[in-house]
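As written, the chains take the letters A, B and C, and residue 1 is the first residue of each chain.
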Amino acid sequence: MGDKEVESKILKIENLNAYYFENHVLKDINLQIPENKITAIMGPSGCGKTTLIRCINRLHELSPGGKVTGKIFLRDENIYEMEPMIVRRKIGMVFQKPNPFPTMSIYHNVLSGYRLNGIKISKIEEERIVEETLKKVGLWNEVKDYLHKRGTFLSGGQQQRLCIARAIALSPEILLMDEPTSALDPVSASKIEELLLQLKESYTIIIVTHNLQQAARISDYTAFLLMGELIEFDKTEKIFTVPSDPRTENYLLGKFG
Amino acid sequence: MRDEIYKRLLKDKLFKTVVIFLSFISTVPLFFILFHLIKNGLSSLNIEFLFNLPKPIGEEGGGIANAIVGTFILILISSFLSIPLGISAGIFMAENRNSKLYKIINLLVEILQGVPSIVLGIVAYLWVVKPMKHFSALSGGIALAIMMLPVIIKSTEETINLIPESLKEASLALGVPYYKTILFVILPSGLSGILTGILIGISRIAGETAPLLFTAFGNPYMNLNIFKPVESLPHLIYNYAKSPFSEWHQKAWAASFVLILMVFTLNILSKWVIRKWKVRF
Amino acid sequence: MIEEKLNKLKEKIIEMALLVESMIEKSIKGLIERDKNLLTEILEKDENKVNEMELEIDDMVMKFIALYHPEAEYLRTSLMIFKINNDLERMGDEAVNISQSALFLIERPPVKPLIDIPRMAEIAIQMVKDSITSFMDRNPELAKEVCERDDIVDGLRDQINRELITYMMQNPATIERAQHLIRIARSLERVADLSTNLCEDVIFIVKGKVIKHGKDKL
């Protein structure tokens, strides 16, 4: 039928358990994320999907009551043995509500990962990064004459693209996206989806979404989470046509949401 | 049926009229004050008044320069002391709403807000004046700082609470350490709110007399040394007003006018600050 | 994105259609020219390929619908491709049947000169070609016209049957061979029928109208 693709796994999650105060939010997750693909994480509300990606960029431990055990290997290094701030520069995140920094211009927003971290780069390098990333997210032509204005005049979809630019300016390996289009209108949402399909050539994308159609449309692999457990992980085309677990099937049929 | 409607319309009109009337009445004292200030004080207001030192009674002329400068010095000292402390405490409160320490500090701040200003003056007297063995601008500044503190803490806390959590997370997700996130992302975003809080605090203390009675004490001469007593506008107004001399009464009116002008300017300034620097999320 | 995927589906079904078309042509050619190699090729290679492709296309259509939730014409197209897939596979089966009968016949002397069967085959094969063209070009007029040729094919089959029955009655030794010829004619008639099915599907895709079972006028 198809040729067996040997895909390299960029992220290996081993026996991950996460807690929120006394609640056991993620139970023994074992998952391997393939490189340069879009992996969707889906499941009903409260299943732990947002917690999972916040463990991947070590944001969960910053929440009050947040605790994590287990290992996550980015290529060969356990991120829980690395400096958290280094981890977060290699694994970027885009949030549900577009949140460009309101006191900074578009130009500085894109570079904020460098400036706020005190990473010194030359002016020429700065301008190159700004132009390149804004071109990658398809914003360059719309904002190139307004680079030094604050980003708040942009529409929701444009702001979200700015946030994506801000994240990829640091050249991360992995992009985590927490329902990146749920606050946007359908037209902007589909533009962002197209953008993600382009970006996966350069980055590995993990997207949390409660929009089944979106997961079906753009992802290569899908993980289904239920009450903190990983129920099934497989190629998207398989999960949506012949899922292995009846719980996955019920979820797709809308029997619980 | 039509009667019903008429009755209702009439009640509406009546209610509206009463509300407008009462609102108008509440502004009357303000107009009254302004009217008297202008009527009585404007005549004495001139450049000399603003730039000269007071003269002893009997002599012509004299001004309130030392009081104006003194008020500024006191504002400076109390700001210098209360702003860093207040903003830091405000940030802590906003970021640690669940900790036990928060509840304690919150309670203390609320109690502090209710302490009469004269008591704060006495406290400053015991803490600073007695050990130093004389009155000083510093002790006055300390008393005023304690008064400003709750205002700044509360307004900083509220401003930061209004900043969406996602902004903080966006910065942290870029690998930015926590302290830099607060300093370079959160604080700048809350700048207008925090500045407003500071300006409100200053407006509050600019007109305070009671805490200065046993601390800054007053000084007929110009003094720039914070370890020595200093004159302030409200204190001068108090002294001149209770004196038996009508020239001094005149001067008191004029000084009051200057003080009101100062507070008014601060008010306009704060509105301008809000408009210019307000950040919309 | 969805259009790209649908185009891939369309390409695949056309590939299958061309394969089936060539199978039918080869089977008749093998019969007329008495070419054993051609006929065994159909049985040993082409049949497997067609079956494999049928499964592949079924899977592709299912995944397309599941992942992309097509609407309107895209939905009609994908569903019809599902059905056309099935029709093509059955045409492939008929080509196999023809080849099997042909293999029997070429080992033996002919009953009569082959005139009507090649003529019937020509029309049936042209119907297959034109129905595929009408799908590629989204041409409902061509599709309708193809459907009308079915009557001619039916007429030819009746004629062949009558002729062969006469032969069988006159000379019982020809019965076995004649029956194979009748089978071949029946297969060709089925191929024509399946082509009209295909055309009805095309009309549904393009116009959203069902003209099956004589339901509606175009």
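Keep in mind that, in the parts below, a residue touches a chain if its C-beta (ideal position, glycine included) is under 8 Å from a C-beta of that chain, and two chains touch if they have at least 3 such contacts.
Since the structure is predicted, the reported quantities are computational estimates derived from the model, not experimental observations.
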item	value
Centroid comparison with subunit C (C-alpha atoms), farthest chain	B
Centre-most chain [mean C-alpha coordinates]	A
Contact pairs, highest-scoring chain pair	A-B
Distance between chain centroids, defined by C-alpha means - subunit A, subunit B (Å)	48
Rounded Å distance between subunit B and subunit C, as computed from the means of their C-alpha atoms	93
Distance between chain centroids, defined by C-alpha means - subunit A, subunit C (Å)	50
Subunit A contact footprint on subunit B (complex, rising order)	98, 164, 166-167, 169-177, 180-181, 184-185, 188-189, 191, 279-281
Touching residues (chain side subunit C, partner subunit A) in the complex	1, 56, 59, 62-63, 66-69
Contact footprint of subunit C on subunit A as seen in their complex	1, 194, 197, 213, 216-217, 236-237, 240-241
Touching residues (chain side subunit A, partner subunit B) in the complex	57, 59, 62, 64, 84-89, 92-93, 95-97, 99, 101-103, 112-113, 116-118, 152, 163, 166-167, 170
